[in-house]
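Shared between the two complexes below is subunit A, which has subunit B as its partner in the first and subunit C in the second.
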Partner chain A sequence: MAAYEREIPLLVIPDADAATNCLSSVWGLGHKLLLHAGIGKRIYEHTQGKGYEAPILQSPPRLHWVQWQTDMHKPIARKLVTQSHDVFVALQKHGPESSDSVRKPQLVKYSRHYRAFMGECVQDLRKAAADPNVSREECESYTAQSELLQTMGLIWSLCEILFVETLPGGVVLQQLQDWLKLHFTEGDRLAREVLQSEDFQFNEVYWKAIYIYVMQGRLAEARHLLSTHAQQEQDTLNTFARMDKLMRDMPVFSALSRQSLAEFDLRWRHWQDQCAQCLEDSAFISYHHLHTICRILSGDQSVFSELSDMLGSWYQMLVTKLLYSNPTVRALDLQYHAKACIDEFGGSSRMSALDNILMAAFEFDVHQVIKASSATMSNWWFVAHLADLLHHCGKLDSHQLNFGSNLREFLLLEYASTLMSHDSLWQVVAGYLDHCPQFGRHYLELFIERIPLQSERKAMKVLRVCEEREMTEQVRSICKVLGMRSLQQGRLGSALSWCIRSKDAAFATVLSDRFLSEYSLGGGFSNLDLIDNLGAAMLLSDRLTFLGKYREFHKLYERGEFQEAAGLLLSLLTAKLAPKSFWLILLTDVLPLLELEELIFRSQQTYELLHCLNELTQWYSSKDYLRSDAAKRKTKGQQELETEKLELLKLGLARNLARAVQEEVIIS
Partner chain B sequence: MFVAKSIAAQHKDLIHDVAYDFYGRRIATCSTDQSVQVWDLGEDGEWHCTSAWKHHSGSVWRVTWAHPEFGQVLASCSFDRTAVIWEEIVGESNPNEKGQSHWIKRGALVDSRTSVTDVKFSPRHLGLQLATCSADGVVRFYEASDVTNLATWSSQEEIQTKLNCSCLSWNPSRVHPPMIAVGSDDSSPSSGGKVQIYEYKENERKKKWHKTETLMSITEAVHDLAFAPNLGRSYHVIAVATKDVRILTLKPLRRDATTMGSIGLDIKQPAQLDHNNQQVWRVSWNVTGTILASSSDDGHVRLWKANYLDNWKCFQELKGDGTAIPMSMPNFNREQQQQQQQAAGNARLNPAIQDSMFDGRSGRYHAWNL
Partner chain C sequence: MASISVKFVSQKVSKVRWQPGDLQGLQPSQTFVTGSWDNDENRICLWRVPSVPSAKDYDGYSSMATDIEADGEGIDKEPQLVYQEKHEGDVTDLKFINSDVFLASSSSGSVQAFKLMQGAQKLHSTQKWEGLHRLRTRACPCTSMAVSGTDITTVGEDGRINVLRLDYRHPIRTIDQADSSTINAVTYLKSNQVVTVNATGQMKIWDLRQPDSQPTRVFLLTGEKTALHCVDRHPTQAHLVAAGSQNSVLNMWDMRREKYPVTLFDGHEGPIWEVKFHPTCSDHLFTCSEDGAVLHWNGSGSPSASQIAAGAQNSRTGDSIYPHLGLGGLPSKPSSSSPTSPWLASDPTNQVDINHVLPSNIMPVNSVDVEGDQLVCGTDGEAVFVIKSLGLR
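The block that comes next holds the complex of A and B.
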């Protein structure tokens, strides 16, 4: 059916310059576009030497943000979004591999859950629309949305009957009756109106309610209404009692009863013969309305056409007709009967989109149901969930075309994409993408990195989601971004912890240098507990190892473990872990150790220190150093201090060497 | 579909380019008025211009953001023959400026002798690299030697394309060797294919950019091109804006499964999207590469999408109406505008379906023809 090829919709942007300079667009996250006048044509004209035209902008250029498919972002619909997400996730656990008898009741349950949440949402929307505080537009949008949801509910329940809750033998009429009862409640409304009115009258409304009840096969309700009539007027000829009996006697087939279909059929025919007999006897001829009801009961085809206004639609007529002429009709035969009813209502040329979708369902054309629904509904919620449910029922794949699972995934991806532009639905999006085997993960990878992380808490949540899915690349990138951001905000500790998580060695070196320069300027370390607890993370970069070890030296020194401290310090120097610019600080740390009563550095160690001192002095006079920024920045005072320190060290080390040699000679 | 917001930029002339940052919460704009502006989405849901500066001495053609792993970094290119790298610095020295930020120039790439027509940062897995192209046909690659100090940019390589370049695009795939596509707006068909594909790979023991392919099927001027995200496919998808839009797939051909680089590309054209025979100037993919937005000379922006059978269709058009917004209302009442838009949108978007249950009454965008 190529019924819905329609014109491409056009949105007009109010922009003064767009008419002459055209429009350009840039994508935001999700279904968001940013538009502005100008399309880069000027670049072309410029570079092609076509000369420069002075700007003739009528007003400052404007930026326009355009959005679409946001109806699931509003608070009321969001409830449906999260509720249906839970059902969706639970449904995914029921793979097609489990046996049919276990699976089917489960699937029916899930289908009902979806419908219940749609119903809840309709109620919420109605309530919201009735709120006197909402603006007219909001109210209209709520009403439109609730109407749309009701339509979805109507289609969904029919699909549930035909595709999900299929009964053995394919006898569907009972279910179709329930379908009408659920979605077409005018009978109830009229009945309430009649029964609650103060001057109770047997007027047209009263009879209309009864007709609707009868046509929907709700004879108990119809009898109840009729009984009020009998109570008020003398039923001398027993006409009402007779009608009551006919109605009471109508056999009802239930799939759950032990009755066989043939048995039911026999009883039903017998009952309808009685109805026909009454008609022949003109038993109700004096009561025009009862006569019409009797014609319905006996399945008189002409009466349905007469009452077509009251039936409202071809599908309501279909159920009524079958109820009183072919109650054991099988689901597969529905489409043949439907054709006749459609003709009563003006033929297929007058079919609306909804009619087409329902007809496709009666024809068991699952693909067409989904296709027509996605062409006409303003959101992907319905088709995505329905397609997924039908996929689990095995109805999508059994279709002749072999793209069943592709179609399901396509629709789920579309639905998830519409939720992406919303700030707080990202976890829901991830839930759907997890179940799209082909592209889901790739979508999620692109999407999850772009979730704005305004707070540390949100960052941890997003990272957990990534880690659960082993998205190491995304974890690494997110941590790097956060590390860089912390650095720019001057929070070194936080930057270092993100850096360790992202395992970025180069960045670790940069950060360690920052810590060291902070130390050399102010004489202290910030974020002590972080540096003290680096553990194995220290090995990420040499500089970070140095930072951790140097801090360890401080701790040893503070605890008075001078031997160990000295050994560590020396190893930092000799293993070349320390940057040259830091050597003077390390050597200065040696000074107090030389002044202790106890001898700390043995002669061999002192030689090594002297060697380091020598190397440092050489470095200070090297071209490399003199050309560096550090050397140029140094003030005269700093330079003098440096020389003084070097002298002191030379002296201290020489004295220590003398002491050490002396002691070692004594020992040996 | 509706206009959610509309504001006046503080530019004094036509805006040439707008770029969203990685998260879609900041934008950078550039204009003929030689300035660059940065806008931030505030907590209040409004966009605020937080920085505006003028440095270039010619029209600024393009502006682009680096990945946030490298901090807040922008690059712009201009008619003044330069491309400039900018970094945002959060003020901390002056207590009055605490938390305030400003953008400083980190590097100027002055190698070009003609207008620099496009500038693009590489995908983040390649580090902080940058490619520029210019009107005299040279594509240049630069790299920040130290990611924490953006003052030094080393020139990596120059390619002579022998055609005036208009646009370039990096292939975002991380599992393939680096690849770029360069487009030329040379309008003479005799100068051959207008899109060239280069790959960075080893040849004669040296890693260099090599031309893999020239797309001979496109001989008209090319104004823009864009690779789509790879999504794990065995082929790349690129959109090319010329006298229409071409969607092309490039499938690397391999000698055997183990060789990294390809030995060529198998090029197919699954779609050619007609724009009323008008030149197309801009193409842009959404984040997942499923919807393409194109801008053409007839003043239309069109949104294109492939269905699950890979049939491409236009599902929405947008057009400027040329109406001026009263100057007395620079920040023009949003609600009011939205209402007008919705009302206008309804009239036009209302589907041709009589059934009231399907009425797109709130101007909602209709779903997709499968």
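The block that comes next holds the complex of A and C.
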């Protein structure tokens, strides 16, 4: 959780075998590696020339999962992940570029949402860290993460002011004041401390709170605090009242007011002249603290240096200084004023990473902001979402990186990758990859095939993700996996239903063959509920059609509709839907029909049957058949039975022919 | 007016169930349970809804945005976690037997009974049936349960039907190859008679007293044979059964007729995961789907009669914002055109009005439960939504 300095993380894998055999690794999903002691370099060199030699391990090898950048996997952070995902998806619907002003308020709203979620997450983390049941390490990690999120929030708000919520005229000071108020709450904390304390004292803390309020431009709060001062009541010289008046009168520029900038400037100058006059008159000289406040109000540069400890940082000083010397400063000029403040705080050599990021923002160098943030923060959430938002504001020119995609896409992909290694965030990952035009689809295709499918419900959901994106290849592969799994578990019906779903003709043929061989081995048909109701799905493959039709024949036969049954059977034979190996079974089914009182097969049909019988006999003696496994596996008894059946058929058909011819003659 | 509160729970929610309230919903329940799925460690959680009617409106996220400075104001109105318990495997179904005891089924093929202790402050596991659903040696998910008195029917991906009885250690009845594909859902029609739906679009009626393992009747989908995921029975008209399918159609069967559904309702854009008749206002039906929508199918005809008259042909297209429903102001009157149930009408679009319950949700909704005037639903976006004051009549 290094927030500012990037250190190279070092992780020791506690595996004794690894010391001698080194580690081998395999990639997991996203940021995940599977490590094991394997064929290390030393062993390899040792056995070179002598061929491959398996390493001898002291103990059974152990597998180590290594994951990194898992900040976002913790339960508290997952809330941020899912919430921001919703906003991200909504934001994408707004389309890129935003030269028109209509879309801006919406973008600001999105930006606020993101910040709100960060804020909520900070709250949750603080609450979790304060829980007495958590261990010290956990508590530390919560605290570190909440600090990181606060830093992110600070940068985000500044970026929002400078890049997203740009007001007409470019006067930003009001927003910057709010920025300080929101993120630097030292003043509020001190004020609360003073007001709540038992013995209400006008000590240094009291004044410090007032100074901070004044320097942040929160004069209403400062006045309130000042009004509680005891000497207020014996204020014979009206010193306090005078200060109060000065503070009350300070003009405030608001972009939404009808005031023109020039008008405001005039009023403001007049007001500051009054402050300067007071200073000259030494009106507050008897009250040291009020005097200092008056110096601040009149924009005395030296007082800021004196109070730099209280200001804390150069950017706080920047806002304060501008507030009391140049309140109409434009956003573009901020960087020049910033330089002076940085010098005040030790020059650019003493800048931390955060300082650099903020400075880059003041310089309107979006790329530098993102680059520095991704280099120093331990997760991709921030940069990915910020880059995306700025892209939608039209502030991030599509700068091609030398490995293909642009910056926004690169960051989104990185962020998605950190989520991939989590078991259950795959739907969120898909949401992000959808909006990476160049590589997103490719990533998703590879990712989705690797999601473990523990239940059919999950499989259905993964399939839906694929189907929505028309990833037919993946749909087929998932259905195949599930179909094969069912098949291995001996559930032909379930396998068939998966196969029908993906319209996999080859697999359907394999499965139908399994059903048929089950039947020919005397087991009858299983899974009747499915086969009987195949409907149009039957047409998926010829073999499946045959299976369905053959089952229909059985049903007709059972119901005693012999004429229809016979017709169907004959068409199955003549249309060559049935595999040759199954012909004997079909012809055997003819036998009882021949023995019925009523004549079923007319002469023409009998000829056709004879023709089939003939073809079958020929096939049995053909080379193709004799060479096949089926022929070799046949026992003597089976062969005899076969011949007997063929003889019987010949006889039966001949007799039937005789009957048919006779009857047909009579009718004609 | 309908008010929506949302709670992010950091785990994908597979099931939500209200604890049955007293007096048939006159005293609405304030406690519900949720089960999670697809997490490295799944949980069953017990939640309490604060009794003060929540005023927090969930229009987009604007209320949250204002929370940033208000230091989480309104948090006390969200459902509060009371107790949680680890659960082996995904929670695939939750069913209350009575107001204190509920069952949880697992993707590891087992079913566990829990008792709510100390005024619904704690959960205590009272009984567990292991390995009810398995394939060869491997465990396989139990997908759904149905309860009638103390009898429980469970179904699973192995196509098996088990009948359990509370306090009996072993199933009192098992139908081994009841179905050749996965049975996705089950519900009781009357005692000893259950209806199941499977992954190939079939609905089967089973008489559990019959010794053979054949269904007494089979119903089919019209058209393509897509999976059916959920089934529910009309609370008063036992011959009416609704089932939601993979291809987003809500099918309504009339058991008195043969085979095919009588009415098809279109409204969702993804697989329907759960369908629920309102237990007391049976003209209202709720469904949730993978497309992220929770739909309220209003067959009572009255509140939005004006809408239909105005020619709002398809209430799906616009943003049918939920509160409209309660604003109707028209007294409930017997619908002149439908002497029979609205669910069986020949032209359902004129009889049944569709409203979106969750305006801005995009993540799949796995489960919905309704009790009295309030509804709870859980999503893959790791959120639980509680909607109060539905304004049903």
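We take it that the second predicted complex is superposed on the first by the 554 of 668 C-alpha atoms of A that agree within 3 Å, B and C clash if a C-alpha of one lies under 4 Å from a C-alpha of the other, contacts with A are read in each partner's own complex, and residues count from 1 in each chain.
In this text, a contact is a pair of C-beta atoms (placed from the backbone, for glycine too) under 8 Å apart; a residue touches a chain by one contact, two chains touch by 3 or more.
Quantities reported herein were computed from a predicted structural model and do not represent experimental measurements.
With both structures placed on the common chain, the touch criterion links A:Y336 to neither subunit B nor subunit C.
Touch criterion met: A:A19 reaches subunit B, while subunit C stays clear of it.
Once the two complexes are laid over each other on the shared chain, residue contacts for A:Q83 go to subunit C alone; subunit B is not touched.
When the shared chain is aligned, subunit B and subunit C each come close enough to touch A:Q489.
Within the superposed three-chain model, A:L148 lies in touch with subunit B and out of touch with subunit C [touch as defined at top].
When the two complexes are overlaid on their common chain A, residue A:N533 makes contact with subunit C while staying clear of subunit B. The larger set of touched subunit A residues comes from B, when the choice is between subunit B and subunit C.
Within subunit A, the residues touched by subunit B in the first complex and by subunit C in the second are 489-490.
By the touch criterion given at the top, residues 1-20, 22-25, 27, 29, 31-32, 39, 47, 59, 61, 67-72, 79, 88-90, 92, 114-115, 117, 124, 135, 147-148, 164, 166, 174, 185, 187, 221, 223-224, 229-232, 281-282, 284-288, 290-291, 293, 295-301, 307-309, 314-325, 327, 330, 337, 339-342, 344-345, 348-349, 351-362, 364-370 of subunit B touch subunit A in their complex.
Considering their complex, residues 4-44, 46-48, 55, 57-69, 71, 137, 140-141, 143-145, 147-148, 150-151, 352-355, 370-371, 374-380, 383, 403, 406-407, 409-410, 413-414, 417, 420, 439, 441-443, 446-447, 449-452, 473, 477, 480-481, 484-485, 487-490, 506-507, 510 of subunit A touch subunit B.
Across the interface of their complex, subunit C is touched by residues 75-76, 78-79, 82-83, 85-87, 89-90, 109, 112-113, 115-117, 119-120, 123, 182, 423-424, 427, 454-458, 460-461, 464, 489-494, 497, 500, 526-530, 533-537 of subunit A.
Those residues of subunit C that touch subunit A in the complex are listed here as 8, 10-12, 37-40, 61-62, 64-65, 67-69, 71-72, 90, 92, 107, 135-136, 138, 141, 143, 157-159, 177, 179-182, 199-200, 202, 204, 215, 218, 220, 224-225, 227, 229, 246, 270-271, 290, 360-364, 380-383.
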